[in-house]
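Report on the following structure.
Chain nomenclature is as follows: A, B, C, D and E, assigned in order of appearance, with residue numbering initiated at 1 for each chain independently.
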Amino acid sequence: MEQVIMNKLGYPILSTLIFLPVVGALLLIFINRSRELWIKWIALIFSTATFILSLPLFTHFDKTTYKMQFVERYEWIPAWNINYYLGIDGISVLLVLLTTLSSILCILISWNAIKIKIKEFYISILLTCGAIGGVFCSLDFFLFYIFWEAMLIPMYLIIGVWGGPNRIYATMKFILYTLIGSVLMLVGIIYLYLYAGNTFDILELMQKSYPYQVQFWLFWAFFSAFAVKVPMFPVHTWLPDAHTEAPTAGSVILAAILIKMGAYGFLRFSLPLFPEASKAMVPFIFVLSVIAIIYAGLVCLVQKDLKRLIAYSSVSHMGFVTLGIFALNSQGVEGGILQMINHGVVTGALFLCVGVIYERTHSRQIADYGGLATPMPVYATFFMVFTLAAVGFPGTNGFIGEFLIILGGFTANKWAGVLAATGVIIGAAYMLWLYQKVFFMKVNPKVINIPDMDAREIITLTPLVILVLWIGIYPVPFLDFMHPTVQHLLERVNAGGIQETTIAKTIMEVVK
Amino acid sequence: MLQQLFFAYFAVTIIVFSILVITRRNPVHSVLWMLLLFFHIASLYLFLNAEFIAAIQIIVYAGAILVLYLFAILFLNIKEEVKVNRFVGAWPTGFTFGIALFIVFILSLRSFIAAPPGNYSIELIKAETHTKALAKVLYTDFLFPFEVASVILLVAIVGTIVLAKRRLKS
Amino acid sequence: MELYVLIPFLPLAAFVINILFGKRYIKDQAHWFSCLAIIGSFVISVITLIDVIGGRVIDKDLYTWIISGDFKVSVGFLVDQLTVVMLFVVTGVGSLIHIYSIGYMHGDKGYYRFFAYLSLFVFFMLLLVMGNNFLLLYVGWEGVGLCSYFLIGFWFEKRAAADAGKKAFIVNRFGDFGFALGIIMIFLTFGTIQYAPVFSQVKGVIGQTVNFLGFEVDLITLIALLLFCGAVGKSAQIPLHVWLPDAMEGPTPVSALIHAATMVTAGVFMVARCNPIFNPSEVAMNVVAITGAVTSLFAATIAMTQNDIKRVIAYSTVSHLGMMFTACGVGAYAAGIFHLYTHAFFKALLFLAAGSVIHAVHHNDIQRMGGLRKYLPITYATMFIAALSAGGVPGFAGFFSKDEILWSTFASGSPVGMLVWILITAVAFFTPFYSFRMIFLAFHGKFRGTHHEEHHLHESPKVMTIPLMLLAAGALGAGWIGIPALLGGSAQFTHFLEPVVGHPELHGTHADEWGIMGLSTTIAVSGIIIAAIMYLIKTGVPLILARRFSFIYRTLFNKYYVDELYHFIIIKPALWIAYGFIERFTDAKIIEGIVNGVPRTIGKFSEILRKIQTGFVYHYAIIMAAGILFIAALFLL
Amino acid sequence: MVPLNWYIVLSTAVFTIGVIGFLMRRNVIIILMSIELMLNGVNINLIAFSHYLQDPRGQILTFFIITVAAAEAAIGLAIIIALFRNKATAHVDDIHEMQG
Amino acid sequence: MNFQLPDIGPVIPELVMTGLALILLTAELFIKNKKVLAFASSVGVGGVAFTLIGASGTTFGGMFISDGYSTFFKLIFFINAILSILISVKYIAIEKVNFGEYYSLILFSTLGMMIMASAADLIVLYLGLELMALSTYILAGFIRYDVRSNEAALKYLLLGAFSSAFLLYGISMVYGLTGTTDLKAIAQFITTHGLTANHSLLLSMLLIAIAFGFKIAAVPFHMWAPDVYEGAPTSITAFMSVGPKAAGFAALGRVFMIAFGSMQFEWTAILIPLSILSMAVGNIVAIAQTNIKRMLAYSSIAHAGYVLLGVIVANNEGLAGMMTYLMIYAFMNIGAFAVVIMLRTEGFKGEDIKDYEGLAKTHPLLAAIMLIFMFSLAGIPPTAGFIGKLYVFMNAIDAGYTWLVIVAVIFSVISAYFYLRIVMYMYMREPKVEVSISTSPSMNLALIVTTVAVLAIGVFPSIVVDLAKAAISGF
């Protein structure tokens, strides 16, 4: 295996970060449910341990190669040639770290907010984070799909059990939406498996090339799953509901890591496996991305619900990500990856922030707030930092990502770049509008005596502020992770035969 | 010719009796028509070299099963029974489907080709008598199904007892 | 480590300290850090200035900021003649305003916050002028916008302040939209966004065209115009000028620093900095010149009717900024920058003096002032000097710079040059008129406020008046370094900037020059006289005029209804589309209609299908028979 | 010699009459009898085949069918009796406790 | 006359099973504690499973065949029987039908299934089917004082007899056409005489398919299933949602693959609409159900549709997929029914979905287990249900039925709705009535076994897949 670098650390780092939370969850099962503090601490300790144990990914990652690193590989189901095969490269490493970080934040922010079925809650959180980590690490399609779907089970509960008043509708919608996409991907995976001669090995599959028609159909099969997860217009409507109704931790997981799975899928699978089809579909994706950016941005302008607004802004931001990815140049793709991280940090942080006040007031209505900067100056400062990052203010991480994406998008297609840039204007409009309504003007009597953030909350948010500024001011360490991988990816994509094609032509070709 | 005439007679009576069985208002009449029907079928079997089966038909069907039916009918209130509808509301549909089924069966059976004859010829039966010939096959080649059939009867006995036992005291 | 690196980072350090520890520990001592930082920066700036005068130009990268594919940006500084002028203005005027703020903001509950923001602003402004590439320029650009947002909305509990801050930010975003695209075009064209390599390659692409959104346009013109979009937003030119007057909701030192002396002039700085890009494109140059001139006149006319003391000055700022652009548009960048430099002094002074007035009367309405010179002598004197300077009275700083602009436009020899000359000559009348209208209304006559207010009138403390006096000195004498040769000067300022911005070709005789100067001076003085007549002697005249030309008056008073226009063509439709169309129709009806409709249909179908399960055995049998029939019919017949 | 097809037609007819009886009658006992008719139709077929093909299997199968029919009838009637005790009806259209 | 005892090696499991059933039947007279019978029968079945080892070969003149295929199915039947017995012990006591015959009848029914799986002759097949069916009719009506149970039994019997009449008619026509009832001989006759396109043969094949379709509850021959499942004792519902269905598939696979092997095109054309209709009707109608037994009945109809995909593929891999699916289905479905049974207590039905409201609060562990089964039934990894679907889909795509798989996955999404609705009731609603559960050691054992199996197979599918592959290799 010359394509991979086996794990040289003293312990199986990727397995650890997937299964340590699972172990924690199993342990929690045996804790008496009346010992709430124990439960919380065990969850926190396990997630923190996972994060600490995953840090070598950051320090020991070889940034000079596109090869898969920290690889673990064991035979699993020989009958179907399935292996337990993990590894990460420049695309996934940051997402993995983001995942492990998010789980800590989710647990911290839920400390007092969750009051019923505490045990189940922390089990669900740990399981979700473990499974999502698995999604980003899997190098075997079967394993990937297992994690991809397994994540739904605890997520379903998180939204449905601990969510808001309309949670049941939201959670059903969430799960059915995502299921319908991913089952089509399953068909695609199986088809690919059979077509490539019975292998689920992603790296091996990437070595092969597929006829255009096969690529075309498989692209759509995968697209269905990824587009729903991202979510792209017009399959985005699950997201506002799910985000809105989910408990804070659930929203954070959704925003920070779950919806990255879709964009990750495009990068990991759609582009390298179906380069020609992807290229042919670029105009289509551009159109959808730009619509998402502007459309969701406009919707944000008229939202009355805090979480719903941030949820729609996620749609808009993820529109940037897809745009960047399909720009198919290094600025776009790297910007897309970085923007995934940024969006995870920023939107996750914004949801955490909303959680902070929701815990105090139990209201998500913007109208119920106002003038919060007076009673909660620290909170207002934190929120401001994340707002700035969300509007892509230079010096914050959002700027780097958005600028690279617009640059990449503009390079690929001027219209796409220009229209995406308008999203930045709309973004400023709705975020500042939100900020004004919530923090400025006369203090709403309902929130006049609200306490400012406590130490736990500050500790929760501080790492994110650091990340926002770090990536904003010195993003090179993060971008360095990606260069070889993205270069390799683009070489593969651009090596493909057809250069210029239209969707109509493509469809005609396939129909023929 | 004579055979055909006989067949015609039996065919017509069998069909007429069948129709009578399913159309009589009084269940007892149905049973009685069925009895006649079974006799005719048994006779038909005689034409087909199946004396043993004919006997079984009369002994088991007519003798045992029909009596059982008669017995069950005694549970019913015959006086009431003859007053109420004998057909279900959806009988025209059922009838149409039945006829359609018949047509489809007959149409597709036009292509029927009988398989070539085997070695279980009339001569063989004549030499050994029918019962013996059949029994030989039954107890050698078909021993296994035969045993299974015995289990089935056992199950039927057990089941009937379980189901028809007196009501529980509760 | 070169000393100049500290220039921006000293204020940054002050910001960090103030924001982190301000609330709990520093409180009302916050000014120390900020003031010391900016004074430190000023000192280093002066040192750097001396270095640069000595012929040293610095262009050095600190570290690589972004790298992606062939896109590579560093954080690095370029310190040349243009930069040092800006540094001097920013830190110099900035220092005075900082000191002034100590008094002005005294006792405000957000005291530490105010100084933190000021320091942050200075940091970004310095980054803007010192950056050696377009992206760093952009960072500073956005950064000052942000600080402007913070500071306009400093008293965020006031709705108008919060609104104004937001408006400033968003309107600027429109300009930045173009600016960012311009930067991207530069990268795509030149493969880099460092100033030096870009400017040196410009010659190579002159005349090239590019397909932009379906139009075949001249490459350089496109880039120049996109960049100019940013300048329009930041420097409040038509049509993006609407935010600046509203920005007066902020504390007055902010108006002085950000909305007069420094930030709003960033657009002029940028155009001057990018002169190699603008110069080759005649279209772009003309656009710049005409936009500037029209804005200048436009704002000046509005300023005549405004009653808010700060708004008058704000429109005056817009007007002056327009003039600077006009200069740039005819290639006289040095003249533009010169005006920028003098303007910083007199306009900051105007604002600070106005602040001093407000400090005394606690409102902004000049109609409710009057006769203040008794109570506020220093303020009156300094403001008078500033008005003279702004009005272009000979000898004052503003005169020299304004005159140079007028002369450059006239002498550029092009029809556009002539046109803009006419426009700004008209402005030369309005500027002194409205400046003195303001002064006469506020300081002369009788006090028109309440007794209670009159009782509290007092001169500002020393910490405020000393900066006023220093600035007054600047407003008077800052222009003397640029006295044209005609008047016996050596036009040092222009020569100093020549390595960066070049020298315009002027077509005109000395006689012409004398003529222009005379004309403008006459017009300016007549403006003052008319103002004096209308507001000192025959005070009924303005009212009569307003009645007779009520349409014009109302139009001017309502600022040509531009805000209303925007409200109806941008905000309303956007919100309507967002709410009425997307939120309620596309999302709720179409997409959600399908998303919820399909399951609902399945559910209905389910109810129908379960009806088939009637519970009757014969129905079941019939369905079985039907199944048999159906399959048989399908396969057999 | 009677053609084999005649037997087939006869058997199909009896079978179909059984089907029709099953589909039309209300009385459960008659329905059970209809099933017997269907089985008899099959039996006619089998015996005829057995004769014409000169193969004993047909008769053997008939033998088993009769056995099973007996068992089925016994169980069926037992169920009817159990039902009758609880519900006192022998009409299929009264038996629809469960539906949907 | 020379009577020769046939080789009884291959039928030893059947013989032992019969013996066991008879012993239990007799022992019932003496043993008053019926738990002993339950224990004996489940241990006995476990013992019978051991006799499967080495019991291979063909005997009784080729009428009975014991190969990997049949052995695998017998394993399913044994699992089904043991688990059903385990979950019955307490339940039938609550239902007051704690008779010893219950266990013997389960064993007889299992015997019938075993015979079906091993039948190489249509006569044997028919008798096995009837043995299984008759025992099940009785079991369905076992709660004889309950009118619903009576009704279930009656409906089952009437329709079952109706369908087996069609089966017999089909068998008779096949016999008439080929002169034999032996599966291999039929196949040979068809190929040598070129009967492939003969309409009579097609009709008889269709009729045979219908009878099997009835047993596996494929639409439109499924109509009995919801009513019978709802009315029958819950433990028997569990039993017959797995056993007879698996047996039906066993017979279907063997008859169609061997006897009608040359007519694959025709019978796949029959089975494809059945499969699609099953998935559609099963999944869609299940949405509207409020009785959980009835809902699981529709779910079992839908699952028949998925399993049919394995048969439609018409190759050994496909059959292996079908076998794997059925094995997994046995665990998860009986597990789900076990939970349903646990809610049945004295005086409380526990069948309505509303009874599950807030179960996670009152009985968190039970709810968690139910959740696993529901997700497994919905086919979401890492549960076994996913493996079953995956294998079947893989084979179907391999055979070129991608479109069919797409249809199947879309219906599986619809199915997720009603499975998750149960989870939703358990976890996301507040309990309205105080639900107590009836536990017993045997029940706990059954739950543990099923849960562990569902998870273990989900994570390590090799356990079953390799077995199925090995089993099918000699087919």
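The definition used in the following text is that contacts are C-beta pairs under 8 Å (C-beta built on N, C-alpha and C of every residue); 3 or more make two chains touch, one makes a residue touch a chain.
Everything numeric here is computed off the predicted structure, so don't read it as measured data.
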item	value
Steps needed, at fewest, to go from subunit A to subunit E via touching chains	1
Chain with minimal offset from the mean of all protein Cα atoms	A
Chain pair showing more contacts of the two, D-E and B-D	B-D
Chain whose mean Cα position lies farthest from subunit C	B
Centroid-based (C-alpha) most distant chain relative to subunit A	B
Mean-CA-position distance for subunit B and subunit A (Å)	70
Distance from subunit D to subunit C - Cα centre to Cα centre, in angstrom	97
Distance between chain centroids, defined by C-alpha means - subunit A, subunit C (Å)	38
Whole-Å separation of chain centres (CA-atom averages), subunit C against subunit E	78
Two or more partner chains touched - positions in subunit D	4, 8, 15, 18-19, 22-24, 31-32, 49, 53, 55, 60, 64, 68, 71-72, 75, 79-80, 82, 85, 92-93, 95-100
Per-residue overlap in subunit C, given as positions that touch at least 2 other chains	599, 610, 613, 615-619, 621-622, 625-626, 628, 632, 636
Residues of subunit B engaged with two or more neighbouring chains	88, 90, 93-94, 97-98, 101, 104-105, 107-109, 112, 114-118, 142, 145, 149, 152, 155-156, 159, 163, 167
Those chain pairs that satisfy the touch definition	A-C, A-E, B-C, B-D, B-E, C-D, C-E, D-E
Residues of subunit A defined as touching subunit C within the complex	173, 176-177, 234, 236-238, 295, 298-302, 329-331, 334-335, 371, 373-374, 377-378, 381, 388, 393-395, 399-400, 403-404, 406-407, 410-411, 414-415, 417-418, 421-422, 424-425, 428-429, 432-433, 436, 439-443, 473-476, 479-480, 483, 486-487
List of subunit C residues in touch with subunit B within their complex	616, 618-619, 621-622, 625-626, 628-629, 632-633, 636-637
Subunit B to subunit D touching residues, read off their complex	3-4, 7, 11, 14-15, 18-19, 21-22, 27, 30-31, 34, 37-38, 41, 44-45, 47-50, 52-53, 56-57, 60-61, 64-65, 68-69, 71-73, 75-76, 81, 84-91, 93-95, 97-99, 101-102, 105-106, 109, 112, 114-122, 133-134, 137-138, 142, 145-146, 149, 152-153, 155-157, 159-160, 163-164, 167
Residue ranges of subunit B touching subunit C (in the complex, touch as defined)	88, 90, 93-94, 97-98, 100-101, 104, 107-108
Residues of subunit E touching subunit A in the complex	360-361, 364, 371, 375, 380-382, 386, 390, 393-394, 397-398, 402, 405-406, 409-410, 412-413, 416-417, 420-421, 423-424, 427-428, 460-462, 465-466, 469
